[in-house]
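What follows is a pair of complexes built around subunit A, which joins subunit B in one and subunit C in the other.
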Partner chain A sequence: MKVAVKQWHAVAYWKWDTGATTEQDANADEDAEDDVCGICRVSFEGCCPTCKMPGDDCPLIWGQCTHVFHMHCLLKWLNTASSKQQCPMDRRTWVTAERKVDR
Partner chain B sequence: MQPRPLNEPTVSPDAPGVQEAMSYLHDRDMFPELLRFRNAGLLKCFAWVEEEVAMHMEQWEAKMAVQSISRLIQRVYEWYIAWEHAPAFMKHARGEYIALFRARWLACLPPSFTLGLRLFLRTTLPTLPANERLFHILEQLGISERFDKTFIDVMFDEVEQKILDTCPGMWREPRLDSIRKSAKDLEERWLTMVYGHMFVRTQNSENAMMMVTGRLDHFISRNLVELRTSEIFDIIVDFPDTLPAVQDLRLCMARSLYRPDFIEGLREVVNQRILQPAADTDDIITFYVSLIRCLRIIDPQGVILHKVAPPIRKYLRDRPDAVRCIVKRMTDENESFMQEGEQVVPIQQVHEPFDDYTDPHWLPEPLDAGADFRTTRPMDIVSTLVSIYDTQDLFIKELQHLLAGRLLAVRNSPLDEEIRNVEMLKMRFGEAPLQVCAVMLKDMTDSRRTNTHLHGEEPHPLYTTVISRLFWPTIQPVPLKMPGQFKTLQDSFEADFHKFKPDKNLKWVPQLGAVSLKLDLEDRTVEVEATPIQAGVIELFSEQNADTWNVELLMQKLGGIDRVLVQSALDFWIGEGVVKDEGHTYKLLERAEAMTGAPRPLMVEEAPPVDEKEKHQAEQMKIYWQFIQGMLTNLSSLPIDRIQAMLKFAPGYDRSVQELAVFLESARREGLVIFNNGAWKLAKK
Partner chain C sequence: MADTNMIPRPATPPQPGANADLTTTWAYLLHGVDGIMTRLKDGVSYTKYMGLYTTAYNYCTSSRMHGGSLEAIGGTRTTGANLMGSDLYNSLQRYFRDHLQSIRGQTDSLHDETLLQKYAEEWNRYTVGANYVNRLFTYLNRHWVKREKDEGRKNVYTVYTLALVVWNEEMFKYIQAKNNKLANAILRLIERQRNGESINTGLIKQVVGSFVSLGLDEQDSNRSNLSVYESAFQTPFLLATENYYKAESEQFLAENTVSEYLKKAEARLKEEEDRVEMYLHSSTRKGLILKCEDVLIRAHAQKMWDDFQNLLDFDKDEDLQRMYALLARIPEGLEPLRKKFEDHVRKAGLAAVQKLVGSGGQEAADQVEPKAYVDALLEVHRRNQEVVNRSFKGEAGFVASLDKACRDFVNTNAATGSNAAKSPELLARHTDALLRKSNKMSEEADLEQALNEVMILFKYLEDKDVFQTFYSSKLSKRLIHSVSASDEAEASMISKLKEACGFEYTNKLQRMFTDMSLSKDLTDQFKQKQEQNHGEMEINFSILVLGTNFWPVQAPKIDFNIPADILSTYNRFQGFYQSKHSGRKLTWHWNLSRNELRANKMNPKYIFMTSSYQMSVLLQYNDNDSMTIDELVQATGIPKDQLEPVMNVLIKSKVLLSDEKDTYDYNPNYKNKKIRINLNMPVKTENKQDTSEVLKTVDDDRKFVIQATIVRVMKSRKTMKAQALIAEVTQIIAARFTPRIPDIKKAIDTLLEKEYIERADGTRDTFNYVA
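Showing the complex of A and B:
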């Protein structure tokens, strides 16, 4: 018997490639799924309080300190006087990391 | 001087001898004496008239033929005329004679005469102008005066008959106008005939006519309202075709006099026809919507609706599937919840009290409004329906589910309709609650772009909808791993996707979606629509030297999915005649076999005893227990329809509500769930 796929309509969901968890534990990703932005406490796959659309419209930003935030959340934070241009999690001076493109 | 029988010749009072005798008596002032003598004779002879009356009335009562009444009147009139003769100079005694005759003969009429007269008069209606003499007789005999009420009744009878003849079931054209017109016409001819003889158009007769006219109009309204009330169910169901009937009702009900009965009738209909367990939820909603539309016409201030609607609303609130029905129709293109010129009312405003005194059509609250009545903001139908519930969360949830189902079912059809729907719903529910739906739609359009980007315009076997997981209904994970060419397709798409969107990874939801397959077998080709699990199973059978499998191995090869899922996929292929059950193994049928296609349960297990079967089904349902448990944890309690609807999102779920009910019942016996107020909830541990 030969099985020919005429049309397969499949469903998938997207997830940010946060580097750290990539491929590390394929089976545990259901547990690790609730990574939230340290500023707004909303999931990375959700969107920051000012955005309505998740994903490309509300991207993430990586710091050299390895902390990750919604980009909009972090920029807003850095615009405040109290931020002193530091990462809100570890108070090190914020330096945006170059996004490593792909494995 | 003495009355005689009709057939005896009378002596003319002007004959020479009589004249002389009269002058003699006159000269001696004996007329009073003479009159007494004559009246005494009259009274004595009245027995003849009495007999005649009795005879005709007996005939009437025996046969109920109006001719008896007609003959009676003719006959009595003959007596009346015959005995009227008196010497010319005694004419001043005539008044006394008329009074005496009328009193005597009317006194001997039995009660049944009233009805007889009424029916007799009705036969005269068609040829009224030809009956001038008759009405003269009726007046002379004092019938017009004594039975004036009957004369009016006859007219009312006629109008009632007209309504009965021309109105029942006639809802598609206005009737009231023509009834009023013909009543007016009848009235003019009839009253002129009846009263015209009594007093010639004096102020009195005008007044009498006015009074009758007013009563007649009331009478028409009351009768028509009564009739339409008895037909109200069909009128509402067939609305708007029945618009003319509804408008007639509005005109009739301008007097609030008939409102209590109308409201009562409406309530009864609602109770008997609508608030019944057997009534379909969709039909109840349809009826409610039509009811609202009809009553808007009949009673724009909404008092009647306010009195009739609450039981329907409560009933709908308790119907588990009502939200779903409403949402489905809200988003259905063919549904006309909106009427022309109607404005979408944001739902937040619905519960606010509302009195717009700047409205030129503003009216004070009607007297029968009742203390709890409040003029509310004019609502469109959808707002009215949504306001059945205290919150709109239910609707948003349901919308999300509905949209999810629809979106995942569309292949490549345009999304315009869904987009338009969501836009319209935004106006209603506000932007924020519908944000999830907006994201879902954006996922769809983004997916289209992604697929086009990765595959070009060429047809490609795989089309992947990439969703933003948090904005879709919760999807329960299933550890399905697609085998063979499916895996290849997935992997290549996944890699391409990651290249296209380097900061994103793709996670499959393998159990969702659908596959169109073509199986080339030795002797035939099978084309079929399958679920991914079914496709995965048959893919394994197509591997080389792998035409026989057992369930355990299939489970393992597919990533460790549950036995029930594999079993039901195998059943699907057995049903398609592609796979054969060989006891513990399943074999691919490269060549079709005669017995294929017969449903397996019939061959394997010959009608197990009910308990056994139930147990078996419940066993198979266990896989879904975790889904049910999750639902009930999140939503506390759910009616069975909702559980069933949500389980549709579980992989491979194809149980009927009945099977689900059996399972829930067995779970209840085990103390896992409780059933209360039509809904299931988890038993507290």
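Showing the complex of A and C:
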């Protein structure tokens, strides 16, 4: 038949790559609890409560403890006295990690 | 005595000296006063007038030297001026009385118009004369009268007022005493005018004017009031009016239709208003109009109400306008009309849809064309809106009735049955059709108009969230498949929705557009980069990157085998995207993406527009001429159930042939008149599936909306009873949809479980907010 592809109009979703699922099927964990920010409980693809639009204006932040939050949410938490600069999930001192995207 | 006074004196008495006594002085003054009162047209010379004035003045001032020599009316007097003033005053009063008694006899034999003429004539002469006399006695007015009044004596007036008081007693009461002869004469004259004769309205104006002048405030004689006018004329006039119109309206209605009567009543009311203007005192207006409204409108309101439906049915605009204007005059007049109008509109709306559905029952209802449905509803709305604006002057109450009726029939009618989502769905589908490329609206303005009309119905939808969900699903399809007619029209529609329902409502819709333009930029950047690095691409690539949560599309869970032909492009773009937005990953929607293929070996070189699934199938035939379905599933990674519809389209279009079941062959003899062939047809079952999917989405969304609203309310109130909570939540949500109470209760249970709220100790129906 010898057909050749001349044009391709693709459609795709983007999601934050939270690292944990890099190797897994992208759809398998769609409803998992891991997909929400541990502070505001809004999905990572959504935005923190102070932002209106998700996207690069409301990015995520990765900690060395492997926990991921909306950056705005976490910074707000760290700025409170009671935080003692700890990760809200495991009480270890918060250290921002490089994004866990190993390509 | 009266006689002697009234005989015209041939010789003028000489002007008395400065210290002349009362008799001499009065003799001189009397002659002058009588001249003014009875023969004013002969004129009064300046010297004569000055002489009279000086004499009156002299008498009042000089008498001070005489000391208190005379006993006068009313108690002790300390100064002579008082006494002398009172002498003059009494003499004047006596004169006025004598004068009127001498002429009033002339009216005895007169009736009706002639009586009025005589009265008016005498009144005019009398008041003009009295006015001059008043000026002659300015000094008396200013000093003696003023002092008497200051000391609190009643029944002492300035000279002009005195003249009026005497007229009232001697003339007016004299004539009126005979069976209200004067007032009745006016009433009869007015009645003749009402019957259509032309009368001398100036005459009535004069006589009525005299009644007004005669009214004096008993507390303060400087001020006038309307006591005489009201008691002598207004009261009997209103009574006569009532009787007249009662009889007339009843008789008229017995012989004519309501429509005719409306005209009559309108004309009569106008006439009466003019009457006040023409010759009555303006204070009568209110009472007269009220009376007329009472007799002409209120008394027959029931008949008008009964006839209203009739007028509506036959669209008798003028009569409707008239009926509205008349009934609007009485406070309770319009309410029944509003009710009837509401019913009328509702029935019209239901009937219009019923006609559309026909008698086909449920099946026919499901088949209703969105456009026909929307047009039918709009037509009813438009027609009745016109009636409201034209016949009812856009009155708020009727607008409310129209709105209420529309809300009823837009949401529930023969086409919807008990399915509340049907109307929003049909409207959304209609809007979709309008905004698609396939819609051939010749003018942009027409499309805009059509969208505005959609908004009219949208306003009436109860479940706006259902519309929103359908709309966003349709919008996403338009955008993904690039079949939207114009960006401006889309933007215009969204701004309309935003205006109607706020930012929240259109947030997602707007976000889709942002994704569209972001994706366009992304495509451009990617292309540029590719050209720099690899030269011109073989494949014309474009991409739409969607933000999750905003697009109502689900990625299929399949393990699609990316064909080798596009794999390099795929990988390059993945790399490009990673470098641009690190931390994100892409999930590809193979079911939504589409391709163009060129068949190089065919003649002519057909171009197939395909979905990506079709592409991956057709690419298999580059290497094979015949494949079984299982081989295809294997090769493409598309599950069998999804692959079959894809194959069906290819078979139907004869690109592939299927001689045996589950075996598909390449068709070497493919022919088509067109070079470009669109194989990317939507699968038929989609619509049905859509609807149930959308409704499921709506249900899920509603649960969250209800829960969120409860939490918001509880957060601000802290403690609330269940009943009040449900009421408030219902009210807040009503702008989006009508929540069902069981749903709210369920949401409360969920929140109790999640410990957002708790039951207050020892109660069953009071909740506390848990911070």
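A few notes on this one:
In this text, the second predicted complex is superposed on the first by the 92 of 103 C-alpha atoms of A that agree within 3 Å, B and C clash if a C-alpha of one lies under 4 Å from a C-alpha of the other, contacts with A are read in each partner's own complex, and residues count from 1 in each chain.
To be clear about the criterion, a contact is a pair of C-beta atoms (placed from the backbone, for glycine too) under 8 Å apart; a residue touches a chain by one contact, two chains touch by 3 or more.
Source: prediction; values computed, not measured.
Once both complexes are superposed on subunit A, the partners subunit B and subunit C clash. Shared-chain residue A:Lys2: touches subunit B and subunit C both.
In the superposition on chain A, A:Ala81 makes contact with neither subunit B nor subunit C.
Legend: residue contacts after superposition of the two complexes on their common chain; A:Gly46 is shown touching both subunit B and subunit C.
On subunit A, the patch touched by subunit B and the patch touched by subunit C overlap at residues 1-17, 22, 43, 45-46, 52-56, 59-60, 99, 101. Within the complex formed with subunit B, the residues of subunit A that make contact are 1-17, 22, 29-30, 43, 45-46, 52-56, 59-60, 99, 101-102. Against subunit A, in their complex, subunit C makes its touches with residues 480, 482, 507, 511, 514, 538-549, 551, 555, 557, 563, 565-566, 569, 573, 577-578, 581-589, 592-601, 607-608, 612, 615, 618-619, 621-622, 625, 666. By the touch criterion stated above, subunit A contacts subunit C in their complex at residues 1-17, 22, 25-27, 43, 45-46, 52-56, 59-60, 99, 101, 103.
In the complex of the two chains, the subunit B residues touching subunit A come out as 408, 411, 435, 438-439, 442, 446, 461-472, 475, 477, 484-486, 489-490, 493, 498-499, 501-510, 512-522, 527, 532, 535, 538-539, 541-542, 547, 588, 590.
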